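We call the chains A, B, C and D, going by the order they appear; numbering starts again at 1 in every chain.
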Amino acid sequence: MSLRVGLIGSGYMGRAHALAFRAAASVFDLPVEPELALLADIDVDTARAAAEALGFASHTGDWRELVADPSIDLVDITTPNQLHAEMALAAIEAGKHVYCEKPLAPTAAEARPMVEAAEAAGTKTMVGFNYLKNPITALAKEIIDSGEIGEVFGFRGIHFEDYMLDPNTLVTAWRFDPTSGDGVVADLGSHIVSLGRHLMGPIDSVAAERQIVVDERTSPDGDPVKIEVADQVSSLLRFANGARGTVEASWVATGRKMAVACEVRGTEGALMFDFERLNELQLYTTGQPIGREGFTTILAGPAHQDFASFVPAPGHQLGFNDLKTIEIRDLIEGIHSPGGAPWPDFREAYEVQRVIDAIIESDRRGAWFDVDEVS
Amino acid sequence: MSLRVGLIGSGYMGRAHALAFRAAASVFDLPVEPELALLADIDVDTARAAAEALGFASHTGDWRELVADPSIDLVDITTPNQLHAEMALAAIEAGKHVYCEKPLAPTAAEARPMVEAAEAAGTKTMVGFNYLKNPITALAKEIIDSGEIGEVFGFRGIHFEDYMLDPNTLVTAWRFDPTSGDGVVADLGSHIVSLGRHLMGPIDSVAAERQIVVDERTSPDGDPVKIEVADQVSSLLRFANGARGTVEASWVATGRKMAVACEVRGTEGALMFDFERLNELQLYTTGQPIGREGFTTILAGPAHQDFASFVPAPGHQLGFNDLKTIEIRDLIEGIHSPGGAPWPDFREAYEVQRVIDAIIESDRRGAWFDVDEVS
Amino acid sequence: MSLRVGLIGSGYMGRAHALAFRAAASVFDLPVEPELALLADIDVDTARAAAEALGFASHTGDWRELVADPSIDLVDITTPNQLHAEMALAAIEAGKHVYCEKPLAPTAAEARPMVEAAEAAGTKTMVGFNYLKNPITALAKEIIDSGEIGEVFGFRGIHFEDYMLDPNTLVTAWRFDPTSGDGVVADLGSHIVSLGRHLMGPIDSVAAERQIVVDERTSPDGDPVKIEVADQVSSLLRFANGARGTVEASWVATGRKMAVACEVRGTEGALMFDFERLNELQLYTTGQPIGREGFTTILAGPAHQDFASFVPAPGHQLGFNDLKTIEIRDLIEGIHSPGGAPWPDFREAYEVQRVIDAIIESDRRGAWFDVDEVS
Amino acid sequence: MSLRVGLIGSGYMGRAHALAFRAAASVFDLPVEPELALLADIDVDTARAAAEALGFASHTGDWRELVADPSIDLVDITTPNQLHAEMALAAIEAGKHVYCEKPLAPTAAEARPMVEAAEAAGTKTMVGFNYLKNPITALAKEIIDSGEIGEVFGFRGIHFEDYMLDPNTLVTAWRFDPTSGDGVVADLGSHIVSLGRHLMGPIDSVAAERQIVVDERTSPDGDPVKIEVADQVSSLLRFANGARGTVEASWVATGRKMAVACEVRGTEGALMFDFERLNELQLYTTGQPIGREGFTTILAGPAHQDFASFVPAPGHQLGFNDLKTIEIRDLIEGIHSPGGAPWPDFREAYEVQRVIDAIIESDRRGAWFDVDEVS
């Protein structure tokens, strides 16, 4: 038995998914083997080349053909954000399971029907918030949920990279198209909001400030392009559990490359991580002997979730692609175990998107905004 | 010739000042020798013991006597915040120079007359924002001001410690008295705001959230005390130069001991420091050779301001007390050089206080608040 | 066309190889597809289970059968060290290419015939010194070879782990059998010696000290076992280029998990790395502006060798398994490109082994020992 | 009552001592006040200027005059190494206590009569191995001596700086004079050997390799100078307690500024520090909960020896000069407490020197050398 995968899109994430489907089958003992069946891209030539490069059995220049193909079990969407909804809705209607890159959609309003359709159809869904899959994230969550650091009351999260710093390059042009979402708020903001929810629970309200740092960029043709989407965003957060926090995202964070970093403060301890050191967590607990207090640097190892499936020796480290591999394992197990549910699913991604929308609305109003007010 | 110092208060900061006055005279070639002349404290016995321990020539149980003493040139105030104004005003009236611990006063309204009186009287003033005196801070400012990291557009600052985490101890009880200022906002918030202004320039407006984490503490007598001052605060910042940023302060930041940390993002570089590593600055500049980019860890050394006065060898490190020693040098030079002006003076401290007040008012209103609206 | 792989042994490294063969085919554009054809292990049941788990098409309980199978192109040896020679010699005689885990053999005397046989037969060989494959290692070598840090004169290398610290467990019992090599000297010492040679060139002579820290361990049956192989080793090194250095290995290095760390000092710069942070290199160059000198933390990224084949974004990090994947790519390309030669080959591994033997002999004699004296 | 100090030499260390004598009187509650009475230097003009700058009451161009002055209680020697013996012997003969910078003398043979004379005369002595005075060193020693990390079996120590890297400058010319000792072996080697003995106990034998990296330098007059003293040294160590280790020193360690770093491995834990982060210790203990193991970063604080005398708040950090201040406190208390003995005294410094001499002799012979064979 196999799970026949149809991939739409073959860019950075399309390739990452293809690698991860193959790796998951090697690394984990999956209930069903994924089969790279069909790849769709913008036109048939692009699709053919990608299918060959990524090892898909067949290809098509029309994603609707892929969605309509009765042999496909899972539709995997890695296209620009603004295309997710139409594709996912079509896939759900065709009875497929859907795996979609983040953010789920440019707005919560666009995401909502996706959730509703999926839940109505009973298809299984997943969104690629890969940082949730790091064994270090699982460790952080375990520490928080077990009460090891007491009652958590403070959070500080960032996702800082600098790939959009250079004003002379219009990298990944679609990301500057407002219909794809609000720039960094959608792209990296959704990652760090998903981590915040994962570790701390629901967010009630936000007070945010967006910033366009490079207000004119150059198109691939050399033309000036006026920029309307955010390069940076900072937000205060009120969590439902009473904790307070901040979240910031920037794709012009000079010098930072994958600074996905969280700090959680609790009444009996604290933890910190920065995924530029992907395999480390800093843990402090009160009650250490006097004169011996400090943050302990925990290196990921086989004592932590999923690590041993990759390598049995502590300190021997996972890489970024391994996070995607774990994600795929969760996807396939979620689809194939009876009553299983991949996670984070469309609903969770919709909840993330509501926070994103609240952040944007808060910035527009210059005031606190309740996430509940986002429809 | 000497500068006769009258110290009011002999706690943590009183002692730190006494050590620093003596050290400054050893380390630097001062224009005038400070003389530890007179110490005032809450009563004559406390004052006598402190004068002996700290090496003051005489003592008094009445600070008014100190202020009135015609032989005193400089009044040094290290008492609880709510007492600064009365003492400083009296000292200024008596024609003394005044050196006051931070924050200048519990509110800008209380601070303003202090500034006006000092400026009217022409006495010289200084406030103890000691982190501004770190050679690493001077280096950061030089890097920013010289344009080495281009136009700065982002700031992120924290001052995190955890000395108030334990709910069973009412440490430094006066800090929980609302008339001394708003808890951590006054105590640590003033430090990080002063750093933000120092590095980035004036702050136009803020959107802040205060938090009381431990809402009941225990008095020294074992009685429960309801807490009304903030344990944590986070604020969004709009700088006058267009940059955006955040600032956070917590005295319940579990595990953090002196995390006075700033990040500055510019169009051509970035810098970061965390004073738990007091002698290090991380510097990134664009334009490094491809494949060799990264943050450089600069260790303080004789190439940096004031360092060589302490030790001629790089990497040999200053300590916290050395910051106070530099501060005292600045104070004495500012007083004694013709046209000199110690810095940060009362006016700068008042400007810091206006930001503090704006933060509190923003929290109260749940909205952005302009610093200019603080009288 | 495919490269049919026969794997002998299915422990930690056997599985790592299987994962890497599959990953290499996904990640890289290989000249030929590896095919997991046949797996041999100690008996047919073990082999069958392993073949199924690791995805090999068939299995055998007799490695000689694997070596004799005319359809096998490459024999991959991951058995205990003392078995390498017989298996490799048989494979070479059968005209196979051979990929062997490190160390090549327990002694240089045992390794030498392996080199000679392979070179005489013209088969291609490779030994699994995976740390050489890290893009950070390639970066270090490029920096040294280009002269960026001037003439290198100093080296300091360690490989510290602690998996043998617990005296109550006789982990991986064969590693304590002296016929498999001298404990940590063979196991981790060979890794760090290979790195030293890779970065600094040939080693002329050594002065070393071995140490047995836990002199009695407990067998799986609970019996005491007297230990004769080294738990730690330290050696002074004289390199052929005139540089001096030290190398140390320990499998009882309390708290260290994968501390494969090197420092190289040159007349115009220095570099350092520690593979507990697998994606970082610290680089210092003289001639930085005054007051801006320091070590730069370079994060692995697409500017560095092989990185972009995994992920296009800097800071997004490779894991331990990715090193093996690069190794396999080098193996397959070395086998299939005309005139190609995988590296490090048996000869290089033999040279590493001569240093290992010189270290042991130096310890025995308590004096410097020339590597050339090792036959 | 006061302790009248006569200082010989007013360079880097002369000034550091003067600062520390004054600071010690401020920071600590000393049994007797030190009085900066008399300063001797190479000629009367140099001495006069230095006395004024450093705050000594009087001065002389003839150190013999200082030693002969009956009002002087303590002779403090900060001259080049080769002058220590004659000065110290004269001071001891005159019945003075003697405080001498490290190393005690260029050779153990020169140091021995100093020890014997001091012990015969009953005068008190101390040598300036200031790194022993760091609260972090005290913490490390406490951890080792208490058995917290079990039986210690491994040591790794370095003292790396780069102030002699530039071949175009003959910095501190006397350090290249072989009669002052063997270059870095004397200068930094003595520091790290003293730390090794302090933490691990006596050293039985050594196997060492010296290296001259820059074999020709330029004199202040621009003439070439052939160098005969070591720029680097590495040594294997056998400790009397059975532990093994290495020690290395370099004053051409490109990029390193004050890398005084030790690692100690024990059967139940390990510790590490690097004094480029002067206030941090890394501690690992076995027996941490599974999945929570790691090195804990302990920041110096009031729970550690002597810290609270400087500042009551953890994380607020001491600087290099503070180590000298603690050293002076130990000196004065050792002199003035009945039966007191400053430490490390001349005998300890002689034992350090024997190790240094053994290292040099081992290098000369190319073989292990017993410290006991050094007379």
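Simple rule for what comes next: a residue touches a chain if its C-beta (ideal position, glycine included) is under 8 Å from a C-beta of that chain, and two chains touch if they have at least 3 such contacts.
These figures come from a predicted structure and were not determined experimentally.
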Can we say the copies chain A and chain B touch using the same residue numbers, with more than half in common, or are the two sides different?
same
Starting from the Cα centroid of chain B, hunt down the chain whose centroid lies farthest away.
C
Roughly how far is chain B from chain C, going centre to centre by Cα mean, in whole Å?
54
Averaging only over C-alpha atoms, locate the centres of chain C and chain D and give their separation in whole Å.
41
Report, in whole Å, the distance between the mean C-alpha point of chain A and the mean C-alpha point of chain C.
36
By the touch definition above, chain B meets two or more other chains at residues 256, 293-295, 299, 301
Please name which positions on chain A make contact with chain D in the complex.
139, 283, 288, 290-299, 301, 303-304
Residues of chain D defined as touching chain B within the complex
12, 16, 18-19, 22-23, 26-27, 29, 53, 55, 161, 163, 256-259, 276-279, 299, 301, 310-322
In the complex with chain D, residue positions of chain C that touch it:
149, 153-154, 156, 158, 165, 207-209, 211, 213, 232, 234-236, 238, 244-246, 248, 250, 252-256, 265-270, 284, 286, 293-295, 366-368
